[in-house]
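Take a look at the following structure, please.
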Amino acid sequence: MTSVPAADTSPAASLLPKYEAVRQFTQKLCEPLETEDYVIQSMPDASPIRWHLAHTTWFFETFVLKPFAKHFQPSNPAFEYLFNSYYNGIGEQFPRAKRGLLTRPTVAKVFEYRRAVDRKIETLLVEASNDQADEISTLVELGLHHEQQHQELMLTDLKHMLAQNPLFPAYHSGKEVFANDSANDLAWHTTDGGIYQIGHSNDQFAYDNETPRHDVLLHDFQLADRLTTNGEYLEFIEAGGYQRPEFWLSLGWNTIQNDQWDSPLYWLKRDGTWFEFTLAGLQPLEPTAPVTHVSYFEADAYARWRGNRLPLETEWEVASESLPLGGNFVESGYLHPTPAQSGEGLKQMFGDAWEWTASPYTAYPGYKPVEGAIGEYNGKFMCNQQVLRGGSCATSASHIRRTYRNFFPADARWQFTGIRLAR
Amino acid sequence: MTSVPAADTSPAASLLPKYEAVRQFTQKLCEPLETEDYVIQSMPDASPIRWHLAHTTWFFETFVLKPFAKHFQPSNPAFEYLFNSYYNGIGEQFPRAKRGLLTRPTVAKVFEYRRAVDRKIETLLVEASNDQADEISTLVELGLHHEQQHQELMLTDLKHMLAQNPLFPAYHSGKEVFANDSANDLAWHTTDGGIYQIGHSNDQFAYDNETPRHDVLLHDFQLADRLTTNGEYLEFIEAGGYQRPEFWLSLGWNTIQNDQWDSPLYWLKRDGTWFEFTLAGLQPLEPTAPVTHVSYFEADAYARWRGNRLPLETEWEVASESLPLGGNFVESGYLHPTPAQSGEGLKQMFGDAWEWTASPYTAYPGYKPVEGAIGEYNGKFMCNQQVLRGGSCATSASHIRRTYRNFFPADARWQFTGIRLAR
Amino acid sequence: MTSVPAADTSPAASLLPKYEAVRQFTQKLCEPLETEDYVIQSMPDASPIRWHLAHTTWFFETFVLKPFAKHFQPSNPAFEYLFNSYYNGIGEQFPRAKRGLLTRPTVAKVFEYRRAVDRKIETLLVEASNDQADEISTLVELGLHHEQQHQELMLTDLKHMLAQNPLFPAYHSGKEVFANDSANDLAWHTTDGGIYQIGHSNDQFAYDNETPRHDVLLHDFQLADRLTTNGEYLEFIEAGGYQRPEFWLSLGWNTIQNDQWDSPLYWLKRDGTWFEFTLAGLQPLEPTAPVTHVSYFEADAYARWRGNRLPLETEWEVASESLPLGGNFVESGYLHPTPAQSGEGLKQMFGDAWEWTASPYTAYPGYKPVEGAIGEYNGKFMCNQQVLRGGSCATSASHIRRTYRNFFPADARWQFTGIRLAR
Amino acid sequence: MTSVPAADTSPAASLLPKYEAVRQFTQKLCEPLETEDYVIQSMPDASPIRWHLAHTTWFFETFVLKPFAKHFQPSNPAFEYLFNSYYNGIGEQFPRAKRGLLTRPTVAKVFEYRRAVDRKIETLLVEASNDQADEISTLVELGLHHEQQHQELMLTDLKHMLAQNPLFPAYHSGKEVFANDSANDLAWHTTDGGIYQIGHSNDQFAYDNETPRHDVLLHDFQLADRLTTNGEYLEFIEAGGYQRPEFWLSLGWNTIQNDQWDSPLYWLKRDGTWFEFTLAGLQPLEPTAPVTHVSYFEADAYARWRGNRLPLETEWEVASESLPLGGNFVESGYLHPTPAQSGEGLKQMFGDAWEWTASPYTAYPGYKPVEGAIGEYNGKFMCNQQVLRGGSCATSASHIRRTYRNFFPADARWQFTGIRLAR
């Protein structure tokens, strides 16, 4: 496969290297897997790896090849039903909670499906007419960002599935992380109130929910200069945090009672010592690393116990303006949040762990979803979700933006979610 | 019982007339009831009337008499457990979903309990020392507003319970409502963008969630001059609104599928004609009256189908500033929304039906709940609820404020909820 | 109302005294009740008293008046739907689990309904033609036995409802019971194997499930001469019976795990002392009284722990042949099992507590249900039920027979059920 | 691996050929499978193939190697927890409903585990001391029968899993079955009443629940000479059988309402034509083949609609006495019931489909389970199960006996279950 476009290729062909890189990275993530690992759905919110591989491919087939490819033939008419996630505009969907009941097409066939679609997309990118090149490029780029989201979900869904196994199998061997002795010295970073702008404006790719850029009115605020650590969170547990209703939202208190939560997901106490299940297997809890796999309820209760609060998403975005986009992303290979570096200024704003904000996920003023089925991407989820910001150790560096709005329900814990205090 | 304070009475005694009026109104609402009607809980969200009567009394006993009355003795030590709703700071609560399993204390005993507490509160108001008069007055006033909220819930819980009965028993005989021929001419009311203030500031009573008053930044917007009517909503139904996923939030679509909703709660089609269960029994649907008993999901889908949206709570409050506080409240005796009057300007902003806003219920900047158990009143519910504004035909005129923030989950339908469009 | 038939009355009129006695006893059971007590359904298996009163009346109206009364008019057409329990042959039924959501017709109206039907039945019994007298008598007699079953259910449903209340209200003041010091000397009563007959044969009333009388083959067996006592059952608890899976049926073990059972229903340990909720309120556990409110699972596990087993229903019936039909029935007024008398021979075979047998409830060889809707009385429940024998302290003396087959699912505990060992 | 015992081998070594044959047949059943097919659990009642392979091996390791092998070392200490099904006497079990959440040990490792245990069992059989040879042989034989039961479950669990897939993948290519034109002429086979013996007596292997052999008293009865066909069952469907409550047990009627059953499991109507999912994929329904995958509820309702009933297990066993043990078992390779042969006498008593009997599963008189954990095999399931007789097209010929008592709950449909009428 060549990625060097010839002289007479379409302008769309400039996307080829990115297309290949993203698609190959999905397969790279699969390298440590056994065939068995592709099939299982460990909870309704998660999906089998097999499904992620097929669904991301279906996305390109349905939204790019079907409208634009010459002599389009579906790879398999059943795939439209089997691998549609939630696009009602496309048609009915195989029930989400039953994705883990299927063994066919097999993993090998799914990889064939990926290759067949890749060849067709590559041909289309090279041969697209000048008329269509823009529209195709936009959709392919959307498809690549979509795939990067699923790469992150593959890691978190896998982690959840492996964690069900009392043998605690590891996904990778892990990279050594050094504790940071200065992690306990939390400092506050101040921003003055005033009218600011947030949201996406330039001509780079962004999701529709980041637009339009608009004025917001902020009051003076301070953000913690780094994420909350395991050690700090342990103090909350040891202070009886999970037994004291005064710190909890009413729904949160119900949740921890009903689901008997007494620590973050994947924490485990054995013979008086705390361990944490990571993608490198069961590990002793590192006190200086950021706490992760907490729900919004836990993040909010922790903040309240400290006498602080969580940031608004507007505050977070404004405060992030001056910072470079670097951090502990998936490319670093840790696949786990790492302790903050010492030094001045805001740290860990990008990467490590998604930061729960106090902002429910709603439409920006003047927001309009894209027309058609592809417009179901973001807008229809604007209810009972909290915004998270900044990306995590499972996010691609090329996927994140300052204006990026991730969202999950308040009780979700299986993503790499963390806590930054505000006041 | 006299409500004229003598010369040497406490300043707190000025609350006596209001105390007596509110408490007596609760009992007036019970006049049409049979003993059987006090006992049943028709769904976990609702409570038996018997419980409402006791719980509102428990509130005064617990938050006023216990700390302030001389030689305080609890009426019955078990009541603290039986009639606590959700105040974790007070102690454990009898399970909410089991409130309808109790027959003792009987209704007669509950009325005795009310009388006994009334006598003690009245004594306390008359005899309160000057030191304590302020604090006592504040708590009693909170208790009265609390009771007014429960008066509204008594009507909506009763309505839900009576609606379960295939005999469709009426609560009252109803008052005739005249249709308004001009109801279909919806007009738009414009407000310019800019910095405004919202929230409570003066020294009148308000809940903590209405504070502090603060600046907000608004963009230009328009509100419909009246509520959406049954006739307009019927057009949505007849256009297949409940079968077309493109208008619905994802959670909303799931809800109408799972619960098989195809019209507002209490609507019933018999032999091709639409009826609506009201507190006056089953009635033919009045096309010019406001649609009510819709969820946020339905309000949002309807607005989307019309190419509009729902108002933000900030927009609603700013637009309401110039209007008097009148409307079809519980005192009018209709106990159902009535058609809008003709004429210019915003109509039905107060009374008739609570208006779903597009705003999730969150804390105002700088919001601090009250200290102690009484602080569990509002703040702990700030998750997965939508704000509603303006009061309904079941709200007391003396209970509502421009700044009043009601809140319910997006799928709640048993309150008198309605739709005002915005754009 | 007169119960003395005149000279020219129908032969059916001889049922009048029994009709009046049974119907009046239902109302006598209601004397201690408050109006509130009639309305509540404390679990799906139980029904509100209000419903029992109406349903037993509906039975006479539907199966006797409708086919036989001159100029029959239904009391209220809605009652056919509201008060049908499970007779599919009659029509649709108001959902069983929602019986506790209705307040109308009120209790007063239900009593009026009873009186109206009583008058019509009495007239019919007096005026029935000779042709129809037999058929009417058979149906009325069935209706009276049906009502006696509901009298027992009224007591057990009431007890379950009162037990939900942390105030533990009493239904009656109770009669003193004297402990029996000799209760611990359990003896065994032997019956030789052979061919016996069981089942109903004479021309007295019996349910269809007791027929036909038929030969059975028994092996030698022994029955305990009295019921298992609370004291004996406590030994099982104290020996860790509820924590040792080896004594339990698989379904039983699942049940006690899931529902967290560790003692009979209504047992309560306070400060190290065992109490039992009775219809006379919370009482200290009497060690010599029979254990009651145990499931089949518990009865079976207890027997296994003792190295014994439960009787077959055939064994029970054969052993009962020589005994008079007396015992602690509802007429004794205890409304609770009482300690066994001392003396030789089988004791407590009738009354006190229904005795779980090891026999699943199945059809006797050649069993045929009655034709029509009334045939739904017994046969359609012959799946996943265990047979119980002998009646209880809540059964009418005139209701029980040696051949009487009661049946409940293996996990039912709210009836007065007890244990007799066999080996 | 050699299966020829040398001169000085233990008497236990005579089991070697059978051991190897049964264990290899398990693996033969796996030949058509993809790795993905081993992992999934499509409902709580089913188990992943991976789990069946490991659990049957665990059985030999736990009940044979652990007590008898020299220098016993567990293959992996975690397996005792992971692969115990329900033996409380052995210890805690990994939750049944979560068996499909595990991917490790992988399928390859499970096959290694099988081989390792096979080697040790083979060694033990050859080297067992004369003292222990008997006890070891008994346990190994139990283990082989246990494995044969799991072979049948592997096929039915696989079928259920494949049926979830809208692609309807086939397990095997199928063998052609010829319709039998005389299938509709059902004849009746008569047996006279009297005292007979049933149950296991000789020194061949049998489960404990088949003992002791004992006298039973039968009345005259007739059995249909063959199984009910698809064509006959279709008449029941077309006569509105699933819409007429008068044919159904009460629990059965609830089940078909709640689960919306209107035909046997795996039947599918497409464009007016009936199809049936088989292990050879989706096939047109063969009217002369036996109906299969019906619940007890459906079998009972069908029999009632025909004016007949289902056989008692005692009747079935007595009538089977004169017949040879042949039939359409797993070895025939059809893996589906086939039409009855023409000719006189009882047909299809063995093989094709398990026959629901009217007998609840209970203990024979004098039944005693084996001591210890292995005694949990049968006795603890004697509640809410119906007995089935005769084996199916998925049963091994060497596994079945006349006295064999299979049992499933009344609503189970995923086994090859069928209907034989009686009267």
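Letters A, B, C and D mark the chains in the order given here, with residues in each chain numbered from 1 onward.
Here, a contact is a pair of C-beta atoms (placed from the backbone, for glycine too) under 8 Å apart; a residue touches a chain by one contact, two chains touch by 3 or more.
Owing to the predicted nature of the structure, the values given are computational and were not obtained by experimental measurement.
Hopping across touching chains, the smallest step count from chain A to chain C is 2. Counting steps between touching chains, the shortest path from chain B to chain D takes 2. Of all chains, the one whose CA centroid is most distant from that of chain D is B.
Separating the centre of chain A from that of chain D, both taken as means of CA atoms, is a distance of 47 Å. Remark: chain C and chain D have CA centroids separated by 39 Å (rounded to whole angstrom).
Those residues of chain C in touch with two or more other chains do not exist in this structure. Considering their complex, residues 34-40, 42, 50, 78, 81-82, 94, 98, 100-107, 161-162, 164-167, 169 of chain C touch chain B. Those residues of chain B that touch chain A in the complex are listed here as 86, 88-89, 195, 214-217, 219, 245-246, 248-253, 296-297, 358-360, 362-363, 365-366, 380-384, 410.
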